[in-house]
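Structure provided below as structure tokens; questions to follow.
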Amino acid sequence: MHGLPSPLPLSVQGLGFTAGGVRVLDGVTFALRDGPPCLVVGPNGSGKSTLLRLLHGLLRPTEGAVRWSAPARQAMLFQRPVMLRRSVGDNLAHALSLAGIGRDERPARIAAALDAVGLPHLHDRPARRLSGGEQQRVALARAIALHPAILFLDEPSASLDPAATRAVEEIVAGIAARGTKVVMTTHDLHQARRLAGEVLMLHRGRVAEHAPAAEFFTCPRSPEAQAFLRGDILE
Amino acid sequence: MFRRSLLALLLLAPVAVSAQERPITVSSTTSTEQSGLFGHILPIFTRETGIPVRVVALGTGQALDVGRRGDADVVFVHDRAAEERFVAEGFGTERRHVMFNDFVIIGPAADPAGIAGGRDAPAALRRIADSRAAFVSRGDRSGTHAAELRLWQAAGADPVAGRGQWYREVGQGMGPALNTAAAQNAYILADRGTWLSFRNRQELRVLVEGDERLFNQYGVIPVNPQRHPHVNAAGARRFADWIVSPAGQAAIAAYRINGDQLFFPNADRPEPAPGS
Amino acid sequence: MPGLSEAFGLALGLVLAGDAALTRIVALSLRVSLTAVLVAAALGLPLGALLAVARFPGRQTVIVALNALMGLPPVVAGLLIYLLLSRSGPLGSWGLLFTPTAMVVAQAVLITPIVAALARQVLESMWEDYAEQLRSLGSSALRAVPTLLWDGRIALLTVLLAGFGRASAEVGAVMIVGGNIEGFTRVMTTAIALETSKGDLPLALALGMVLMAIVLTVNAAAQLLREWAARRLG
């Protein structure tokens, strides 16, 4: 999209990460292609968040590498949105300024992004005064305004109520439909079913299964995925 | 908005000095300022010469140090020996005697040492030492401190033996020392000027006065521009000239508190020998 | 206590009469202390922010030194600045001793460590919250400094007020470097010290009350601003 060469496929080779003597990720290898959302699932502590941070570049791998096909304009959404102590519009403007987007171009981008999340009326409101659900939607707008080729989301609805969760899911589906590659972690299998085009399951810091969503949910091959889908407790 | 009003406040703040002449800094003693003498005579000097005066009031020892470092243009203090040393070392151009006031021995109305009404200052101090009654000393190298030590010597008594017990050195100016004496009902040697303008007297009274050995001579010395080229030598010279002139001497004589004259100009008479 | 009620009446009288000497002293106090706060803000806030976001060898040492300097005795600071600014000292040719500028320098030296150390604490905990998000948006640690300073502006205002409080209540250092010259370097605290030495305790107390009223007013205004900001900005 946007006329730039696609950064995808993204190839991950033998990725390992150790923190404080704990092996969080070990020999993770997979490739991400253009297409519908990739949902990263797995039990707590399986390394989902760490993987996202390594892909996004917030953490440096201990071993292995993350290789993009071209420089990627990317954005990331966190479980708890971080809003600066200023208006919604200024929060978006700050992100655009950091991304090197010129002053003239910002208002239109901000307006379009707020429209996309259904919050154009909140433009002048102090961002910190919004509800958790609204803040997460503003965070989505902040990501959208950057026109990312790839968007990482780390459990974006984990602390939201059902209505806000639905709103976030609809927006994420819309972003994906417009051509941004979505990579999102979740511990909620129902959410994964609703959104996923492909599923990457992690277990104990390793890839247990990487498959198209239809295949993963109907006939999982790995015993870990089978147990996970049955609702067994995986350690 | 906050920052703008802050800026406005700073800009509108009054600029301190706006006279045409370059100001002079006088390094002087607490007695001249705190007695109110400067408040009376300096406006007259400034009116006549256009020279604003800034007074830094310290003990005589510190006041001479300030002059020695070149941080004042003229010193106006009361410790003849130290002043003559100051000139001999080349820090001052010349010393001129200006005026005298007198010290008084102050103590509690109850007067445990029984010195009230006496005119012999050393004898009074001897009785205080003998009775080990509380005595507050400036202990700060001031002119008053120097005068007190001379009187102890004349009394043939060594107060240092009572240090930490009845002899209490506070290391502060005349006012704080008087406050301490008032709080402890102690004896103290004070200059009459500070005493007369002192408000927190409580039980304290003047017990001994009038001894010639209690006279306290003040001298004025311009700081030597050869030593400190930046000093306002012309201003300092005019100040020294004025204060020994009939106009300056009259201004000193005219200053009174409740009708009492505090300082006695004597620039036109030969200076009495120190401690005589 | 008759002393207190007399002092209170005297203070009220001085303020209501708009006493010229009092006004001049108050204006100089505010000018000196506010200028010192501005200087301390210009130096201390960026330093505090840098220490909050940057990781470099010796950082811990700088933090320990700042915390220690927070407790620098004013008289010691005053004496050092006196020796620096004295005509016989290394900066003597500037002719700053016994001027309001020297008092600004003394107060700034005393409160810059306070501002820097408190700002670091405020901004470091903010940075813990913001770091991932800002780095995700492409902000370097250095680029985050102005963002943090602006976002922490209300908390930092409190920090500056702490500095103002210390500066305006300080007496030892400004007495030494300012000389307590009437009409030129006499501020509220040195005037209070002077009136106390003259045994004029009611007047000293009256001046003290005016000083407290000013500090109270400034702090109350800041509190209102904080509450307004919390409602407005979250």
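Chains here go by letter, A, B and C, matching the order in which they are written, and residues are numbered from 1 within each.
One rule holds in what follows: a residue touches a chain if its C-beta (ideal position, glycine included) is under 8 Å from a C-beta of that chain, and two chains touch if they have at least 3 such contacts.
All figures in this text were calculated on a predicted structure; none of them were measured in a lab.
Chemist: When you take the mean of every protein CA atom shown, which chain's own CA mean is nearest to it?
Modeler: So the chain nearest the centre of the shown protein is C.
Chemist: Going by the touch criterion at the top, tell me which pair is linked by more C-beta contacts: B-C or A-C.
Modeler: Comparing B-C with A-C, the pair joined by more C-beta contacts is B-C.
Chemist: Counting only Cα atoms for the centres, state how far chain A is from chain B in Å.
Modeler: 80
Chemist: On a C-alpha centroid basis, what's the spacing between chain B and chain C, in Å?
Modeler: Averaging C-alpha atoms per chain gives centres 33 Å apart.
Chemist: How many angstrom lie between the CA centroids of chain A and chain C, rounded to a whole number?
Modeler: A distance of 47 Å separates the two centres.
Chemist: Taking the complex as given, what residues does chain C use to touch chain B?
Modeler: The touching residues are 24, 27-28, 30-31, 34-35, 38, 86-89, 92-93, 95, 97-98, 100, 179-185, 194, 196-201, 225.
Chemist: Give the list of chain A residues in touch with chain C in this complex.
Modeler: 53, 56, 58, 75-76, 78, 82-86, 94-95, 98-99, 126-129, 142
Chemist: Can you list the residues on chain B that touch chain C in the complex?
Modeler: Interface residues on the chain B side: 2, 6, 9-10, 13-14, 16-17, 25, 30, 33-34, 39, 54-57, 68-71, 172-176, 178-179, 182, 194, 197-201, 228, 230.
Chemist: Would you pull the chain C residues touching chain A in the complex into a rising list?
Modeler: 129-130, 132-139, 143, 147, 150-154, 232-234
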